[in-house]
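Input: one structure, supplied below.
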(Lines give C-alpha, C1' and ligand atoms only; values in the text may rest on other atoms or scores of the structure.)
Protein backbone atom coordinates (compact mmCIF):
# COMPACT_ATOMS: atom_id res chain seq x y z
CA UNK A 1 0.00 0.00 0.00
CA UNK A 2 2.45 2.59 1.23
CA UNK A 3 5.42 3.31 -1.00
CA UNK A 4 8.98 2.57 0.05
CA UNK A 5 9.59 6.29 0.42
CA UNK A 6 6.59 6.61 2.73
CA UNK A 7 7.80 3.64 4.75
CA UNK A 8 11.23 5.23 5.03
CA UNK A 9 9.62 8.40 6.37
CA UNK A 10 7.49 6.44 8.84
CA UNK A 11 10.59 4.65 10.10
CA UNK A 12 12.40 7.97 10.39
CA UNK A 13 9.60 9.39 12.48
CA UNK A 14 9.58 6.39 14.81
CA UNK A 15 13.26 6.90 15.54
CA UNK A 16 12.78 10.58 16.33
CA UNK A 17 9.86 10.04 18.63
CA UNK A 18 11.70 7.20 20.34
CA UNK A 19 14.87 9.18 20.91
CA UNK A 20 13.02 12.19 22.22
CA UNK A 21 10.65 10.49 24.62
CA UNK A 22 13.14 7.91 25.86
CA UNK A 23 15.70 10.50 26.88
CA UNK A 24 13.79 13.73 27.58
CA UNK A 25 13.93 14.38 31.30
CA UNK A 26 17.34 12.78 31.81
CA UNK A 27 19.41 14.70 34.39
CA UNK A 28 22.24 16.41 32.52
CA UNK A 29 25.10 18.78 33.31
CA UNK A 30 28.09 19.92 31.26
CA UNK A 31 30.08 17.03 32.76
CA UNK A 32 27.70 14.35 31.47
CA UNK A 33 26.80 15.58 27.99
CA UNK A 34 29.30 13.41 26.09
CA UNK A 35 28.18 10.12 27.62
CA UNK A 36 24.53 10.98 27.08
CA UNK A 37 25.13 11.91 23.43
CA UNK A 38 26.87 8.58 22.85
CA UNK A 39 24.19 6.51 24.56
CA UNK A 40 21.38 8.26 22.70
CA UNK A 41 23.01 7.75 19.32
CA UNK A 42 24.04 4.14 19.89
CA UNK A 43 20.73 3.06 21.39
CA UNK A 44 18.62 4.44 18.57
CA UNK A 45 21.01 3.07 15.94
CA UNK A 46 19.92 -0.36 17.20
CA UNK A 47 16.47 0.21 15.72
CA UNK A 48 15.69 -1.24 12.31
CA UNK A 49 16.71 0.77 9.24
CA UNK A 50 18.52 3.36 11.33
CA UNK A 51 21.94 3.81 9.79
CA UNK A 52 23.29 6.85 11.63
CA UNK A 53 22.31 9.08 14.51
CA UNK A 54 24.26 12.16 15.53
CA UNK A 55 23.35 13.94 18.76
CA UNK A 56 24.90 17.21 19.88
CA UNK A 57 24.01 18.44 23.34
CA UNK A 58 25.18 22.02 23.66
CA UNK A 59 27.21 22.49 26.84
CA UNK A 60 26.56 26.22 26.88
CA UNK A 61 22.81 25.75 26.67
CA UNK A 62 22.94 23.13 29.41
CA UNK A 63 24.92 25.52 31.61
CA UNK A 64 22.43 28.31 30.92
CA UNK A 65 19.49 26.04 31.77
CA UNK A 66 20.86 25.17 35.21
CA UNK A 67 18.84 27.56 37.26
CA UNK A 68 19.10 26.08 40.71
CA UNK A 69 21.85 25.17 43.10
CA UNK A 70 21.81 21.49 42.37
CA UNK A 71 23.95 21.92 39.30
CA UNK A 72 22.01 20.01 36.70
CA UNK A 73 18.98 20.33 34.48
CA UNK A 74 16.73 17.91 32.55
CA UNK A 75 17.26 17.14 28.89
CA UNK A 76 14.81 18.84 26.55
CA UNK A 77 14.76 19.45 22.84
CA UNK A 78 16.01 23.00 23.22
CA UNK A 79 19.39 21.76 24.48
CA UNK A 80 20.33 19.58 21.54
CA UNK A 81 20.54 19.08 17.79
CA UNK A 82 19.91 15.68 16.28
CA UNK A 83 20.50 14.34 12.77
CA UNK A 84 19.54 10.88 11.53
CA UNK A 85 19.83 8.83 8.40
CA UNK A 86 17.35 6.06 7.70
CA UNK A 87 17.72 3.52 4.89
CA UNK A 88 14.69 1.57 3.74
CA UNK A 89 14.64 -0.53 0.58
CA UNK A 90 16.96 1.74 -1.32
CA UNK A 91 15.44 4.96 -0.04
CA UNK A 92 17.45 7.31 2.19
CA UNK A 93 15.58 9.64 4.52
CA UNK A 94 17.54 12.35 6.32
CA UNK A 95 15.99 14.08 9.28
CA UNK A 96 17.02 16.61 11.89
CA UNK A 97 15.79 18.36 14.98
CA UNK A 98 16.78 21.93 15.60
CA UNK A 99 15.29 25.00 17.19
CA UNK A 100 12.73 26.97 15.18
CA UNK A 101 11.01 29.92 16.86
CA UNK A 102 11.91 28.58 20.27
CA UNK A 103 10.41 25.19 19.55
CA UNK A 104 12.46 22.07 18.79
CA UNK A 105 11.22 21.08 15.36
CA UNK A 106 11.68 17.58 13.97
CA UNK A 107 11.86 17.69 10.20
CA UNK A 108 12.45 15.64 7.10
CA UNK A 109 15.47 17.10 5.35
CA UNK A 110 15.37 14.95 2.25
CA UNK A 111 14.06 11.68 0.91
CA UNK A 112 16.06 10.26 -1.96
CA UNK A 113 15.97 7.10 -3.96
CA UNK A 114 19.51 5.74 -3.90
CA UNK A 115 19.01 4.48 -7.44
CA UNK A 116 18.51 8.08 -8.46
CA UNK A 117 15.36 9.79 -9.62
CA UNK A 118 13.47 8.31 -12.51
CA UNK A 119 10.64 9.85 -14.57
CA UNK A 120 8.11 7.76 -12.71
CA UNK A 121 9.80 7.85 -9.31
CA UNK A 122 7.23 7.97 -6.56
CA UNK A 123 9.29 10.37 -4.50
CA UNK A 124 8.99 13.10 -7.08
CA UNK A 125 6.42 12.12 -9.65
CA UNK A 126 6.55 15.28 -11.67
CA UNK A 127 10.31 15.59 -11.94
CA UNK B 1 11.32 18.58 -0.83
CA UNK B 2 9.38 15.77 0.81
CA UNK B 3 5.84 15.23 -0.41
CA UNK B 4 2.82 15.78 1.79
CA UNK B 5 2.28 12.03 1.95
CA UNK B 6 5.86 11.51 3.12
CA UNK B 7 5.43 14.23 5.72
CA UNK B 8 2.25 12.56 6.93
CA UNK B 9 4.15 9.29 7.33
CA UNK B 10 6.98 11.01 9.16
CA UNK B 11 4.49 12.60 11.56
CA UNK B 12 2.80 9.24 12.04
CA UNK B 13 6.09 7.64 12.96
CA UNK B 14 6.92 10.38 15.47
CA UNK B 15 3.67 9.72 17.30
CA UNK B 16 4.30 6.00 17.49
CA UNK B 17 7.83 6.34 18.77
CA UNK B 18 6.68 8.96 21.27
CA UNK B 19 3.83 6.87 22.61
CA UNK B 20 5.95 3.78 22.94
CA UNK B 21 8.99 5.25 24.60
CA UNK B 22 7.09 7.64 26.84
CA UNK B 23 4.95 4.91 28.37
CA UNK B 24 6.93 1.66 28.07
CA UNK B 25 7.99 0.61 31.54
CA UNK B 26 4.95 2.09 33.30
CA UNK B 27 3.79 -0.13 36.18
CA UNK B 28 0.48 -1.70 35.15
CA UNK B 29 -2.02 -4.18 36.58
CA UNK B 30 -5.52 -5.15 35.49
CA UNK B 31 -6.88 -2.47 37.84
CA UNK B 32 -4.99 0.37 36.15
CA UNK B 33 -5.29 -0.47 32.46
CA UNK B 34 -8.22 1.84 31.69
CA UNK B 35 -6.63 4.98 33.12
CA UNK B 36 -3.35 4.25 31.35
CA UNK B 37 -5.10 3.70 28.01
CA UNK B 38 -6.88 7.04 28.38
CA UNK B 39 -3.76 8.96 29.35
CA UNK B 40 -1.73 7.49 26.50
CA UNK B 41 -4.36 8.32 23.90
CA UNK B 42 -5.09 11.83 25.16
CA UNK B 43 -1.46 12.80 25.62
CA UNK B 44 -0.37 11.76 22.13
CA UNK B 45 -3.46 13.36 20.58
CA UNK B 46 -1.97 16.65 21.77
CA UNK B 47 0.79 16.32 19.22
CA UNK B 48 0.47 18.13 15.90
CA UNK B 49 -1.52 16.43 13.11
CA UNK B 50 -2.59 13.62 15.42
CA UNK B 51 -6.35 13.25 15.01
CA UNK B 52 -7.09 10.03 16.84
CA UNK B 53 -5.27 7.51 19.00
CA UNK B 54 -6.82 4.31 20.27
CA UNK B 55 -4.96 2.21 22.83
CA UNK B 56 -6.12 -1.21 24.03
CA UNK B 57 -4.18 -2.77 26.88
CA UNK B 58 -5.25 -6.39 27.17
CA UNK B 59 -6.14 -7.22 30.76
CA UNK B 60 -5.58 -10.92 30.20
CA UNK B 61 -2.09 -10.37 28.84
CA UNK B 62 -1.31 -8.05 31.75
CA UNK B 63 -2.50 -10.69 34.20
CA UNK B 64 -0.40 -13.35 32.46
CA UNK B 65 2.68 -11.13 32.55
CA UNK B 66 2.50 -10.65 36.31
CA UNK B 67 5.04 -13.21 37.36
CA UNK B 68 5.92 -12.11 40.85
CA UNK B 69 4.12 -11.50 44.08
CA UNK B 70 3.98 -7.77 43.75
CA UNK B 71 0.95 -7.91 41.51
CA UNK B 72 1.98 -5.70 38.63
CA UNK B 73 4.13 -5.72 35.54
CA UNK B 74 5.67 -3.08 33.25
CA UNK B 75 4.02 -1.94 30.06
CA UNK B 76 5.55 -3.32 26.88
CA UNK B 77 4.39 -3.54 23.32
CA UNK B 78 3.28 -7.13 23.70
CA UNK B 79 0.50 -6.09 26.10
CA UNK B 80 -1.30 -3.64 23.86
CA UNK B 81 -2.68 -2.75 20.46
CA UNK B 82 -2.52 0.82 19.19
CA UNK B 83 -4.18 2.50 16.23
CA UNK B 84 -3.63 6.09 15.12
CA UNK B 85 -4.88 8.46 12.48
CA UNK B 86 -2.70 11.33 11.31
CA UNK B 87 -3.91 14.14 9.06
CA UNK B 88 -1.37 16.25 7.22
CA UNK B 89 -2.30 18.68 4.45
CA UNK B 90 -5.15 16.60 3.15
CA UNK B 91 -3.36 13.28 3.55
CA UNK B 92 -4.60 10.69 6.03
CA UNK B 93 -2.12 8.15 7.38
CA UNK B 94 -3.44 5.23 9.41
CA UNK B 95 -1.05 3.21 11.52
CA UNK B 96 -1.21 0.41 14.03
CA UNK B 97 0.91 -1.63 16.36
CA UNK B 98 0.11 -5.28 16.88
CA UNK B 99 2.00 -8.47 17.58
CA UNK B 100 3.72 -10.17 14.66
CA UNK B 101 5.84 -13.25 15.38
CA UNK B 102 6.10 -12.28 19.01
CA UNK B 103 7.36 -8.82 18.22
CA UNK B 104 5.23 -5.67 18.47
CA UNK B 105 5.32 -4.30 14.96
CA UNK B 106 4.49 -0.69 14.15
CA UNK B 107 3.11 -0.41 10.66
CA UNK B 108 1.57 1.96 8.16
CA UNK B 109 -1.87 0.64 7.34
CA UNK B 110 -2.74 3.12 4.61
CA UNK B 111 -1.87 6.53 3.27
CA UNK B 112 -4.67 8.22 1.37
CA UNK B 113 -5.13 11.59 -0.23
CA UNK B 114 -8.44 12.86 1.09
CA UNK B 115 -9.04 14.52 -2.29
CA UNK B 116 -8.92 11.07 -3.82
CA UNK B 117 -6.29 9.57 -6.07
CA UNK B 118 -5.36 11.37 -9.23
CA UNK B 119 -3.39 10.08 -12.24
CA UNK B 120 -0.38 12.10 -11.15
CA UNK B 121 -0.80 11.65 -7.42
CA UNK B 122 2.59 11.44 -5.77
CA UNK B 123 1.46 8.79 -3.32
CA UNK B 124 0.94 6.22 -6.01
CA UNK B 125 2.51 7.40 -9.23
CA UNK B 126 1.66 4.39 -11.29
CA UNK B 127 -1.96 4.02 -10.30
CA UNK C 1 20.53 -3.71 58.88
CA UNK C 2 18.33 -0.80 57.92
CA UNK C 3 15.42 -0.03 60.21
CA UNK C 4 11.83 -0.35 59.09
CA UNK C 5 11.56 3.43 59.07
CA UNK C 6 14.60 3.70 56.81
CA UNK C 7 13.12 1.04 54.51
CA UNK C 8 9.85 2.95 54.39
CA UNK C 9 11.75 6.08 53.34
CA UNK C 10 13.70 4.17 50.69
CA UNK C 11 10.45 2.80 49.28
CA UNK C 12 8.95 6.28 49.32
CA UNK C 13 11.88 7.64 47.35
CA UNK C 14 11.63 4.89 44.75
CA UNK C 15 8.01 5.79 44.09
CA UNK C 16 8.82 9.47 43.64
CA UNK C 17 11.72 8.88 41.29
CA UNK C 18 9.61 6.40 39.32
CA UNK C 19 6.65 8.70 38.96
CA UNK C 20 8.76 11.64 37.92
CA UNK C 21 10.98 9.96 35.37
CA UNK C 22 8.28 7.75 33.92
CA UNK C 23 5.98 10.65 33.14
CA UNK C 24 8.17 13.74 32.74
CA UNK C 25 8.11 14.74 29.10
CA UNK C 26 4.57 13.52 28.45
CA UNK C 27 2.69 15.85 26.08
CA UNK C 28 0.03 17.64 28.10
CA UNK C 29 -2.61 20.31 27.55
CA UNK C 30 -5.49 21.52 29.73
CA UNK C 31 -7.73 18.99 27.97
CA UNK C 32 -5.61 16.00 28.98
CA UNK C 33 -4.62 16.80 32.56
CA UNK C 34 -7.31 14.72 34.25
CA UNK C 35 -6.50 11.49 32.43
CA UNK C 36 -2.79 11.95 33.02
CA UNK C 37 -3.29 12.58 36.75
CA UNK C 38 -5.35 9.39 37.03
CA UNK C 39 -2.87 7.25 35.13
CA UNK C 40 0.09 8.55 37.11
CA UNK C 41 -1.59 7.88 40.45
CA UNK C 42 -2.96 4.44 39.55
CA UNK C 43 0.25 3.22 37.94
CA UNK C 44 2.47 4.13 40.86
CA UNK C 45 -0.04 2.74 43.36
CA UNK C 46 0.73 -0.64 41.78
CA UNK C 47 4.20 -0.53 43.29
CA UNK C 48 4.85 -2.37 46.57
CA UNK C 49 4.01 -0.56 49.81
CA UNK C 50 2.44 2.36 47.96
CA UNK C 51 -0.94 2.99 49.55
CA UNK C 52 -1.99 6.28 48.03
CA UNK C 53 -0.80 8.69 45.35
CA UNK C 54 -2.44 12.01 44.63
CA UNK C 55 -1.36 13.98 41.57
CA UNK C 56 -2.61 17.49 40.78
CA UNK C 57 -1.59 18.94 37.44
CA UNK C 58 -2.42 22.64 37.47
CA UNK C 59 -4.38 23.58 34.36
CA UNK C 60 -3.40 27.23 34.66
CA UNK C 61 0.29 26.41 34.81
CA UNK C 62 -0.08 24.06 31.83
CA UNK C 63 -1.83 26.82 29.88
CA UNK C 64 0.92 29.29 30.80
CA UNK C 65 3.63 26.85 29.76
CA UNK C 66 2.21 26.42 26.25
CA UNK C 67 4.46 28.81 24.41
CA UNK C 68 4.07 27.71 20.85
CA UNK C 69 1.27 27.28 18.40
CA UNK C 70 0.96 23.56 18.78
CA UNK C 71 -1.16 23.89 21.88
CA UNK C 72 0.61 21.56 24.29
CA UNK C 73 3.64 21.40 26.51
CA UNK C 74 5.65 18.63 28.20
CA UNK C 75 5.03 17.57 31.76
CA UNK C 76 7.62 18.79 34.26
CA UNK C 77 7.71 19.06 38.01
CA UNK C 78 6.79 22.73 37.95
CA UNK C 79 3.32 21.92 36.61
CA UNK C 80 2.18 19.57 39.35
CA UNK C 81 1.92 18.74 43.03
CA UNK C 82 2.22 15.17 44.20
CA UNK C 83 1.49 13.57 47.57
CA UNK C 84 2.13 9.94 48.48
CA UNK C 85 1.63 7.63 51.40
CA UNK C 86 3.84 4.59 51.84
CA UNK C 87 3.23 1.84 54.40
CA UNK C 88 6.06 -0.46 55.36
CA UNK C 89 5.92 -2.86 58.29
CA UNK C 90 3.79 -0.59 60.40
CA UNK C 91 5.59 2.61 59.42
CA UNK C 92 3.81 5.30 57.44
CA UNK C 93 5.90 7.68 55.32
CA UNK C 94 4.22 10.71 53.81
CA UNK C 95 5.94 12.56 51.00
CA UNK C 96 5.15 15.41 48.65
CA UNK C 97 6.56 17.32 45.72
CA UNK C 98 5.89 21.01 45.46
CA UNK C 99 7.66 24.07 44.14
CA UNK C 100 10.36 25.60 46.34
CA UNK C 101 12.33 28.55 44.94
CA UNK C 102 11.33 27.61 41.42
CA UNK C 103 12.54 24.05 41.81
CA UNK C 104 10.23 21.06 42.27
CA UNK C 105 11.35 19.65 45.61
CA UNK C 106 10.58 16.09 46.67
CA UNK C 107 10.39 15.86 50.42
CA UNK C 108 9.59 13.58 53.33
CA UNK C 109 6.70 15.15 55.21
CA UNK C 110 6.59 12.71 58.09
CA UNK C 111 7.59 9.22 59.12
CA UNK C 112 5.43 7.72 61.83
CA UNK C 113 5.15 4.38 63.55
CA UNK C 114 1.51 3.38 63.30
CA UNK C 115 1.78 1.79 66.75
CA UNK C 116 2.28 5.30 68.03
CA UNK C 117 5.34 6.97 69.47
CA UNK C 118 7.02 5.47 72.44
CA UNK C 119 9.24 7.19 74.98
CA UNK C 120 12.16 5.80 73.07
CA UNK C 121 12.11 6.75 69.42
CA UNK C 122 10.05 4.64 67.06
CA UNK C 123 12.78 4.24 64.45
CA UNK C 124 14.92 1.76 66.32
CA UNK C 125 15.35 2.81 69.88
CA UNK C 126 17.26 -0.08 71.32
CA UNK C 127 19.39 -1.22 68.43
CA UNK D 1 10.91 15.50 61.57
CA UNK D 2 12.65 12.77 59.62
CA UNK D 3 16.13 11.82 60.77
CA UNK D 4 19.18 12.32 58.57
CA UNK D 5 19.36 8.57 58.07
CA UNK D 6 15.74 8.49 56.88
CA UNK D 7 16.44 11.41 54.54
CA UNK D 8 19.46 9.58 53.16
CA UNK D 9 17.28 6.55 52.45
CA UNK D 10 14.61 8.70 50.80
CA UNK D 11 17.25 10.27 48.55
CA UNK D 12 18.64 6.83 47.74
CA UNK D 13 15.19 5.63 46.70
CA UNK D 14 14.64 8.65 44.46
CA UNK D 15 17.83 7.90 42.56
CA UNK D 16 16.86 4.27 42.01
CA UNK D 17 13.38 5.06 40.79
CA UNK D 18 14.79 7.77 38.54
CA UNK D 19 17.43 5.57 36.99
CA UNK D 20 15.04 2.72 36.39
CA UNK D 21 12.15 4.63 34.88
CA UNK D 22 14.29 7.03 32.87
CA UNK D 23 16.16 4.27 31.09
CA UNK D 24 13.90 1.20 31.10
CA UNK D 25 12.76 0.59 27.54
CA UNK D 26 15.94 1.94 25.92
CA UNK D 27 16.88 -0.09 22.84
CA UNK D 28 20.04 -2.03 23.69
CA UNK D 29 22.30 -4.60 22.04
CA UNK D 30 25.71 -5.97 23.02
CA UNK D 31 27.31 -3.23 20.92
CA UNK D 32 25.68 -0.40 22.87
CA UNK D 33 25.88 -1.60 26.47
CA UNK D 34 29.02 0.34 27.43
CA UNK D 35 27.71 3.72 26.31
CA UNK D 36 24.39 3.14 28.02
CA UNK D 37 26.06 2.12 31.29
CA UNK D 38 28.15 5.31 31.24
CA UNK D 39 25.22 7.59 30.46
CA UNK D 40 23.05 6.03 33.15
CA UNK D 41 25.73 6.38 35.82
CA UNK D 42 26.78 9.92 34.89
CA UNK D 43 23.26 11.24 34.54
CA UNK D 44 22.07 9.98 37.90
CA UNK D 45 25.28 11.14 39.59
CA UNK D 46 24.11 14.66 38.72
CA UNK D 47 21.31 14.33 41.24
CA UNK D 48 21.77 15.79 44.72
CA UNK D 49 23.60 13.67 47.33
CA UNK D 50 24.41 10.99 44.76
CA UNK D 51 28.12 10.26 45.11
CA UNK D 52 28.57 7.17 42.99
CA UNK D 53 26.54 5.04 40.59
CA UNK D 54 27.80 1.84 39.03
CA UNK D 55 25.76 0.18 36.29
CA UNK D 56 26.62 -3.20 34.79
CA UNK D 57 24.56 -4.32 31.81
CA UNK D 58 25.28 -7.97 31.17
CA UNK D 59 26.11 -8.54 27.53
CA UNK D 60 25.22 -12.23 27.73
CA UNK D 61 21.79 -11.48 29.16
CA UNK D 62 21.22 -8.83 26.49
CA UNK D 63 22.19 -11.32 23.79
CA UNK D 64 19.84 -13.94 25.27
CA UNK D 65 16.99 -11.44 25.42
CA UNK D 66 17.21 -10.62 21.71
CA UNK D 67 14.44 -12.82 20.45
CA UNK D 68 13.69 -11.33 17.08
CA UNK D 69 15.58 -10.60 13.91
CA UNK D 70 16.07 -6.94 14.58
CA UNK D 71 19.04 -7.58 16.80
CA UNK D 72 18.20 -5.55 19.86
CA UNK D 73 16.05 -5.67 22.95
CA UNK D 74 14.74 -3.13 25.48
CA UNK D 75 16.48 -2.45 28.76
CA UNK D 76 14.81 -3.98 31.80
CA UNK D 77 15.94 -4.64 35.32
CA UNK D 78 16.72 -8.27 34.59
CA UNK D 79 19.58 -7.26 32.29
CA UNK D 80 21.59 -5.20 34.75
CA UNK D 81 23.04 -4.76 38.21
CA UNK D 82 23.20 -1.34 39.79
CA UNK D 83 25.00 -0.09 42.90
CA UNK D 84 24.76 3.42 44.33
CA UNK D 85 26.23 5.40 47.17
CA UNK D 86 24.30 8.34 48.63
CA UNK D 87 25.75 10.81 51.11
CA UNK D 88 23.42 12.94 53.18
CA UNK D 89 24.54 15.02 56.17
CA UNK D 90 27.19 12.57 57.23
CA UNK D 91 25.12 9.48 56.54
CA UNK D 92 26.12 7.03 53.80
CA UNK D 93 23.42 4.86 52.25
CA UNK D 94 24.48 2.03 49.95
CA UNK D 95 21.91 0.46 47.66
CA UNK D 96 21.85 -2.10 44.90
CA UNK D 97 19.55 -3.71 42.40
CA UNK D 98 20.02 -7.35 41.54
CA UNK D 99 17.85 -10.28 40.55
CA UNK D 100 15.96 -12.09 43.31
CA UNK D 101 13.57 -14.87 42.32
CA UNK D 102 13.42 -13.55 38.78
CA UNK D 103 12.47 -10.09 39.90
CA UNK D 104 14.88 -7.12 39.93
CA UNK D 105 14.91 -6.09 43.57
CA UNK D 106 16.06 -2.66 44.70
CA UNK D 107 17.44 -2.83 48.21
CA UNK D 108 19.19 -0.86 50.92
CA UNK D 109 22.50 -2.55 51.59
CA UNK D 110 23.57 -0.43 54.53
CA UNK D 111 23.01 2.90 56.19
CA UNK D 112 25.96 4.14 58.20
CA UNK D 113 26.85 7.27 60.09
CA UNK D 114 30.23 8.39 58.79
CA UNK D 115 31.08 9.60 62.28
CA UNK D 116 30.95 5.98 63.28
CA UNK D 117 28.49 4.14 65.43
CA UNK D 118 27.78 5.42 68.87
CA UNK D 119 26.55 3.41 71.84
CA UNK D 120 23.10 4.54 70.96
CA UNK D 121 22.25 4.07 67.28
CA UNK D 122 22.64 7.04 64.95
CA UNK D 123 19.00 6.94 63.98
CA UNK D 124 18.07 7.43 67.60
CA UNK D 125 17.39 11.09 68.21
CA UNK D 126 17.76 10.74 71.92
CA UNK D 127 21.28 9.44 71.76
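Read from first to last, the chains carry the letters A, B, C and D; within each, the first residue is number 1.
Please note the rule applied: a contact is a pair of C-beta atoms (placed from the backbone, for glycine too) under 8 Å apart; a residue touches a chain by one contact, two chains touch by 3 or more.
For each chain, UniProt lists the protein as follows: A, B, C, D = Dihydroneopterin aldolase.
All of these numbers come straight from a predicted model, not from anything done at the bench.
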Which of B-D and A-B has more C-beta pairs touching across its chains: A-B
Most widely separated chain from chain D, with each centre as the mean of CA atoms: B
Cα-centroid distance, chain B relative to chain D, in whole angstrom: 32
For chain A paired with chain D, centre-to-centre distance based on mean C-alpha positions, whole Å: 29
Gap in Å, rounded to a whole number, between the CA centres of chain B and chain A: 19
Junction residues of chain B, two or more chains touched: 18, 20-22, 25, 70
Residue ranges of chain B in contact with chain D within the complex: 20-21, 24-25, 67-68, 70, 74, 76, 101-103
Residue ranges of chain C in contact with chain B within the complex: 18, 22, 25-29, 31-32, 35-36, 38-48, 70-72
Complex contact set, residues of chain B against chain A: 1-3, 5-7, 9-22, 93, 95, 106, 108-111, 120-126
